[in-house]
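The same chain A turns up in both complexes below, where it pairs with chain B and then with chain C.
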Partner chain A sequence: MSYVGDVAALARKDLLLELRGRETVPAMVVFAVGALVVFRFALPGEQSEAAKGLLWVAILFTALLALTRAFAAERDQGLLDALVLAPCDRSAIWLAKAVATIAFLVLVEVFALAAFWLFFGGLGVAALAAVALADVGLCAAGVLLAAMAVGGRARELLLPVLFLPVALPVLVGGVGATVTDDPARYLGFLALYDAVFAILAWAGFEYVVTE
Partner chain B sequence: MALGLLWAPEDADQGPSQRIFYLHVPVALTAYALFGWGAWKALRLLWTGREPYDLESYTAVHVGVIFGLLTLVTGSIWARASWGTWWEWSDRQLVLFLILFLFYSAYFMLRYSLDPGPARARISAVYALMGVVLVPVSFLAVRLAENFVHPGPIVTRTDPQLPGEMLLAFVVCLAGAAALAATLYLNELAGKRLDARLRELREALG
Partner chain C sequence: MIRARALSKRFGTRVALAGLDLDVPRGGFLLVTGRNGSGKTTLLRLLAGLAAPTGGALEVATERARVGFLAHEPLLYRQLTAVENLDLYARLYRVAERRERIGMLLERFDLWDARHDPVGTFSRGMLQRLALCRTLLHEPELLLLDEPFNALDVEGATLLDRELEAARGERTLVVATHDPDRLAVPATARLRLA
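Showing the complex of A and B:
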């Protein structure tokens, strides 16, 4: 099979699994909306500017939720070894997993952003573009980190610790694009982040899963 | 190093507090160098697959984290002396080191949660390489964040043009910090190699 075919087949497997099991996405939606409700009460007075910053915190933690579950099925069924033995390029596993995680995250964000619009007011086009770019970066770097953490003890605890320092630049880019008058710089920064970490994860994933 | 610290001429507007500069900046630069060295060894490990590079990379990061912590402490003291607060968010270098410190603290957690072996070596190596990529990206992020976190005037650093005597003292301190780092690195490496050898012998006996 071709590289694209491998990626499509692997990503299709993850999406089908979620479609049949419905384990992750509904929980993520409830979590994201719940987080926004919590933020409403954590902010004294009317502070829609601060809420825009907290929206990014919600996105970060929702992505973390998805990434914690990203390799759950593989781990429970011992599937990761089988995937590594499969006759395909190992970076295809990373790409497929990232694509599937991005799909989940986008789906959740449709609900989360609608809830944000309802609770705090609308967002500009730049903010939506920043969310899309941030999803790519978070998933590109996050899937690599999730694959690192999955073999360890205390993996549910390990991933947030690994993820937060790496995800911090995404938060900066996202908040910048949402609240400042000059979002182009921040969008450019997010795109740069995406490119850098996609290349790194694409090249590095092979070494992380090889047994 | 202490000689350079005492002998250097005092800064015109910062007075004696400026002396910590001779400790802070060389230690920070040395920490970068150690992280870079650790990543270089990690790259060599992935390239050649030879086991000893793992220990070398790990030791470099280990010493680098110690120097990073020292940077945070000296930077905090400097901030206290010159701005009156123990923590100053407008100091880019300090914020960057905080992020890096968090990142490399996670390196140890990752290492200790994995079982020893070639898989751990490779995962640690990829993570160490991620670190050198994260340094410039985080630096940019910290700079960009100033626009909305800190709308006020940005505190500029001391003039980079150092007069002769100060420059000499600075270079001496930098050499001192580098020598200290190299000594610690070689010491740690020898100790860790001895540990590994001991474990092998024990397994062979038992």
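Showing the complex of A and C:
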């Protein structure tokens, strides 16, 4: 079986686990929509520009929620050893986790963006493209950091501490693409971020999960 | 097959293994005994490639795809069924005719009737049997078994003895246990860790 086959088998496993457990996605939906409800009441009057910035805060923290759970099954049941021992390329583990996490995030964003439209108005095509690019970057970098955190003693604290500084450029690019009249350079910046972190995570994952 | 010289492993200031010399030929059967905390699991993790030595030299002359490792934990996803778990590993290990192989192992370890049940509903003994199926799935050349009799009933222990008997001479076996009397198959070498 090819590298793509390994990724497919591992991603399918993660999707099945979520389908059976229904632990992560419902919590993410409640969190994302709940945050937007809070923002709706926190922002008096017409504040759609400020709301666009807060949408990105909601996306960032929802992604963090997904990443906190990304290796939950492996952590609780010692399963990372089994995956590391398997003869597939270790980067396939990272890619499969990233694909599954992106799928969860996209699903949640369907609800979150609908809620945003309801509370604050619609978003342009550039903003939706920025959300899609941000999902890739957040998950590419975030899954690597989640794997680093999973072996640590204070793992619940370690992931946010590592993730937020790394995710900051995504916030800058996302907000920029959403509020400016010329979003192209921000979308380009997000695409560059995705490429850099995807390559770094793909190449570095093996060293994170092995001694 | 396995050659270690002055092998040592430390975790911070704690010494788990110190100055271990070891030779296990291809087809050999090494029985590792010792009290809790004597380094049996650490040795098996080193042999599996899951940990790196902090001193000495270790050579395991087999590729990762040909190692079967039975750990303390069953290394199975509790939310997935027995078949789904074995199918995942069979795909990752590129097992030929995986459905037939999975079916054969489940029947051999008397888990066929529970094949579509989530592993989380299994008893500890059933989990250990399924973990053995996972370990043997890809017909490994090197079998590393950490306390394999844990939670097995008499019937399960007999099944395991039968597997060990069949593997003896054909595969290289390293079995770590604190209770060597349960092993019916004679080892070719013994190592007692202090």
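Criterion: the second predicted complex is superposed on the first by the 210 of 211 C-alpha atoms of A that agree within 3 Å, B and C clash if a C-alpha of one lies under 4 Å from a C-alpha of the other, contacts with A are read in each partner's own complex, and residues count from 1 in each chain.
Operating definition for what follows: contacts are C-beta pairs under 8 Å (C-beta built on N, C-alpha and C of every residue); 3 or more make two chains touch, one makes a residue touch a chain.
The structure displayed is predicted, hence computed values, not measured ones.
Using the contact criterion defined above for the overlaid structures, shared-chain residue A:Lys13 touches chain C, although it does not reach chain B. Contact with neither chain B nor chain C is seen for A:Ala126 once the two complexes are overlaid on the shared chain. By the touch criterion defined above, A:Phe189 lies against chain B but remains apart from chain C after alignment on the C-alpha atoms of chain A. Touching more residues of chain A than its counterpart among chain B and chain C is B.
Residue contacts after overlaying the shared chain place A:Gly152 against chain B, while chain C stays out of touching range.
In the superposed model, A:Pro169 lies in contact with chain B only, and not with chain C. By the touch criterion defined above, A:Leu144 reaches chain B but does not reach chain C. Shared interface residues of chain A, touching chain B in one complex and chain C in the other, are 210-211. On the chain A side of its complex with chain B, the touching residues are 141, 144, 148-149, 151-155, 158, 161-162, 164-166, 168-169, 172-173, 175-176, 179-180, 185-186, 189, 192-193, 196-197, 200, 204, 207-208, 210-211. Partner chain A is touched in their complex by these residues of chain B: 46, 99-100, 102-103, 105-106, 109-110, 113-115, 119, 122-123, 125-127, 129-130, 133-134, 137-138, 140-142, 144-145, 147-148.
Touching chain A in their complex are the following residues of chain C: 48-52, 63-65, 67, 69, 71-80, 84, 88-89, 91-94, 118, 134. Contacts from chain A toward chain C in the complex involve residues 1, 5-6, 9-10, 13, 16-17, 20-21, 73, 77-79, 81-88, 210-211.
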